[in-house]
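Here come two complexes built around chain A, the first alongside chain B, the second alongside chain C.
Right after this comes the complex of A and B.
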């Protein structure tokens, strides 16, 4: 098991290196003058050259690449040419907001997708199944950006049930401890702040989860249908095992294997999809950080954001594998056997 | 085979779990913003804006986005009033030597930083030296500074590399930092990291809290030397990147001032409940033509392009009526301008293209699609150029990409739509920045080179008599207008929608957007 974990961590490092290399090369292939932007609009030619030197942009590309890798290994992702802050602290300031949004989005996704998938499977071919599948097709096909705007407009602007933008009300922001507004509110024991933070989170999380609910629910349905047609289910039914137990204990448990894998992958995808939702609801986050970095051709900030998103993706995949191994002996045997 | 499973009870349980989870995520949470806003007798004013701060370091105030926030927390060395006249701020008096190479400042003695430290000449010296060391951002305004020293706690002497009467104006863009506090937190980067989210100022507001890319909360500084008459006790500046969200937040009463809405949204606000304020800017929207371009090097082609452009259409569609056609290469609010209002004349433009033998030639247009005005202007320009017989290659670019393109004549776009700014109400710096041949490849976007203009600009800076300087700068403009290196397209205005609990905000010619410290409560 330990060998498996180290092997996966090694592969993760290799993947991150690959991602960093591709993004570094791509960012340098795009023409532009990063030093010119960083120096400011009224900078003299000498000042632009000074900034170019400070940022190391005057060095050969290979040296820049090597410097970047060496610093990255030591946890230094460079300095943003635009904000003049370290990329690590810049991303660190906005990452909790994204993680919080994605976690809430994942909770909504799982809690809606799994029941819908199960319902659809046990009603296979009936009206309920058709209705659910139709809802999933419609809901999964709606562009996230449009859905986010509609949700904000209807439930925020017209009905006034939810906040329109931001992560907290004007006086609802808790003191900054972890950066997770819900957690910080809880730490300070202010329940009104907790409600306020969560209220600001719900519409963005629903919008973010929409396409993922459809994918996950279809996966659950498919797996459940296979499971419910298995001999052991037929045997359980014939033995008079209560139906609820058959569905939940025997059917769903067996069906959740690949569902867990997909849910894990979705966590990573959600992090990278958050940019659209963050834009509509004016939330700070890695998405908006990366958007500004791309627009400003802020290479180190783009690299840092991509690496962080890649890191989240890889760590999530590792956790999912470990969870799967712990709950499914077949997977454990295969993985450890391979290792 | 259908599985014979009763389903109702199981499904109800499953959905109960889902519903519980949704509830825990806050489905019934009311809009608490509204309640919050009604408190504290409206002393807290919330501003919604698309302007997102990159850093709060005052050294990066040359970035308009940063300046919007920094200006509330820091004091400038000198200021300008709404008519563009230089007025005291931290410096109460200033005097040039006869050769205009030495500038002596007398500072006020009653200014304190938010930390409680007294503001002295040492802070001014530290601030300017820090800018020189960093070499970026606002350092670009003080490139003429040779040395600086304090001669008493309230006196500073600046030595300049060249005679420069306009240099005093540049000090309106220098925000003085608390040297003791910054040095204590300087780290390895001259305090850049620390100042990016901390306050070391003496301005009318002090920083209460800051969440990057989201919100800045400021408290009125009670010990401010300028008093606090009419100012709200707190300002909350919310960075709302989606324009329709700004509109909705204002309509919901969650913000009191909205900036960054398109004109269609601005017009949806009832004049009985809101003030719509239009402020001039120091910005000019240009179509910069490549003077060394294959086709645009011919002055007849450049004149044709000027005549082809739809100036009224620009104001109407690209600006939504918020602005006016440009009539000079300097902003409308500035003195010493030479005006030459261009008008659209398609037949004459076609004839000029024909005379130049440029019919059917392809022209490249570059613009920044993230700026809505420029995006629409790109469409107008494309249509205008096609109307006079050119083929058009449209290239949406980022500003960084554009800076990369203008490093060489053959990669510089034939026409590039961009904003140019006067950093402060003095003609010399803007003219020099944009039209001096020494800046080709960096800020001379048209690759414009005219030794006569260079000399006139140099004379303007060297003149120790303001009238002589003005004459030199006017002569330079006359020559530039004759050479036609650019299409002065428009003067965009800034439009704010304010709740009537506030007075209509005043104009600060140094602020690239609007000066939030001028927000005052009505009555």
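Right after this comes the complex of A and C.
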């Protein structure tokens, strides 16, 4: 068990190194002169030369790679060419907003996908099943950014139920403590502030969760269907256990195992989809950061964001694996057996 | 194409199981591929639309056929020049003259969607084809290479897959500069590792099977074994994977274009059309709405077709 945990940690470290390497290769793919881009459009030849020196671009590639890794480990991903701030502190300031959005999206996804999947599996082949599957197929194909724009237009502009952008109303922003606007409001503000924060979060989170609901619900459905066909369910039925109890206590429990894995991977994908949603709702987050960096051709900031999102993705996968191992004895035994 | 003389002995070619089943994959491998293309286009059409295929699958294949046709004919069908601005007709609501309205510089939305179809759908298919080819080539090379090289290649795939593909493609496309080519390169780079992993897994299984061992005993070289036997045997799974990738590729491509790393402005791309329309959505909703519907329709059609291909390849998945 301990051996497995260390092995898994080693694997995660290896992945992090891999991501850093890919990002380094990408940074050298930029067509043209990196120093010229970093120095700005109107820099003189001397200034460019100076930038080349400070960035270490005159050294051999292997040395540059090593420097990049050392800097990355020390939390230095370079300076944004646009804001002239350190990339790490720039992203660090907005990361909580993204995590908050993704957690909110994840809650919506799980709250909708699990019941839909279970309902669909229990009614397999009947009208309800077909209807749910049809809805899932349609909803799974909708691009998140378009859905975000449409939701903002319908519920924000036409109906006026929700605010159309940002995390808080102008006078309602809580003091910046954790960076999680809902948590900050809870800590400091009155109840209306909390409602304000949640209201600002709801539409983006719904838009973000749409494609993930489809995937997760399908997974729950197929797991649930095979669980309901297994012998222990037949045994429970013949013993006279009430159907509701069978579905929830017996079926769902075994069905949720791989669902947890998928949900964990979805967390990482959601962080990347958040790029699109944040750009629509102009929420300050890693996504907006990346979007503005792209618009301003701020390559180091873009690559820094890629690295950090990769980092979040790897850490989430690690946590999910460890959680799953601690709650599901089957996984634990298999993993230890393999290791 | 006369294929009868190449059939292995056993079932006579008139046997019910054999009618319309003779395929290029069959001639190479010992297993009949359910996905195998029958005799020419007629056989393919029978397989996709025939009475044995589920109605929903027939609808899916039909939709995909229509979409691909539109993609090929898009620029011809477009009633107006998709890139010609006409400031006299800016932001006109959908009506008899402009069926889907016009955008802020008076370009016809329908014409732009039709030309955008060519760009989006054809590039999505190309991306998946390239990514699949690279994946299969890498996987077979890894299978032939010594064990440590195989291990290294697979770890590299893992590393690629530990960055969410959207972010990886976004970073790459941003680094390469905004153009359609850089989107295609970036997406291929983001998608090939999944195919490589899948193919490598199947090849690993196939290489231990009895018919491969017999061929080895007969003295067939490893390369020939791979090309003539192992790869054809994994084609079904590769086709299924590829067909299921297209839908996500369409959505992801339009997302990249939406963020501005796609083809530069005048070009009609569904994603950038949505981006362009979002600023005046309250007054002219049609500029963003219709391209989004086009993306959704294509994604759903290709998604259903992917499911259909899977159910053709693996009848046991039909009920799930």
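The rule is simple: the second predicted complex is superposed on the first by the 316 of 339 C-alpha atoms of A that agree within 3 Å, B and C clash if a C-alpha of one lies under 4 Å from a C-alpha of the other, contacts with A are read in each partner's own complex, and residues count from 1 in each chain.
Assume a residue touches a chain if its C-beta (ideal position, glycine included) is under 8 Å from a C-beta of that chain, and two chains touch if they have at least 3 such contacts.
Just so it is clear, the model here is predicted, and its values are computed rather than measured.
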Touching partner for A:27 - first (chain B), second (chain C), both, neither: second
Touched partner set for A:149, first chain B, second chain C, both or neither: both
Contacts of A:222 with chain B and chain C, given as first, second, both or neither: second
Touching partner for A:119 - first (chain B), second (chain C), both, neither: first
Partner chain(s) touched by A:279 [first = chain B, second = chain C, both, neither]: both
Chain A: partner with more touched residues, chain B or chain C: B
First (chain B), second (chain C), both or neither touched by A:296: first
Partner chain in contact with A:157 - chain B first, chain C second, else both or neither: both
Partner chain in contact with A:83 - chain B first, chain C second, else both or neither: first
Shared chain A surface residues [contacts with chain B and with chain C]: 30-31, 149, 152-153, 157, 279-280, 295, 297
Interfacial residue positions of chain B with respect to chain A in the complex: 1-7, 9-11, 13-15, 17-18, 21-22, 24-37, 39, 44, 46, 52, 54-55, 57, 60, 62-63, 135-141, 143, 189, 192-193, 196-197, 209, 211-215, 236, 238-242, 244-245, 248-249, 251-252, 254, 370, 398-405, 407, 411, 421, 423, 429, 433, 438-439, 441-443
Contact set on chain A toward chain B in their complex: 30-34, 36-48, 50-51, 54, 79-80, 82-86, 89-90, 93-94, 104, 107-108, 111-112, 114-115, 118-119, 122-125, 149, 152-153, 156-157, 160-173, 176, 192, 195-196, 198-199, 201-202, 205, 228-229, 233, 237, 243-244, 246-248, 279-285, 288-289, 292, 295-297
In the complex, chain A residues that touch chain C: 14-15, 18-19, 21-23, 26-27, 29-31, 137-138, 140-147, 149-150, 152-153, 157-158, 211, 222, 225, 268-269, 271-273, 275-276, 279-280, 290-291, 293-295, 297, 299, 302-303, 305-306, 309-310, 313-314, 317
Contact set on chain C toward chain A in their complex: 155-156, 158-160, 162-168, 170-172, 174-177, 247, 251, 254-255, 258-261, 271, 274, 278, 281-282, 285, 288-289, 291-292, 295-300, 303-304, 320
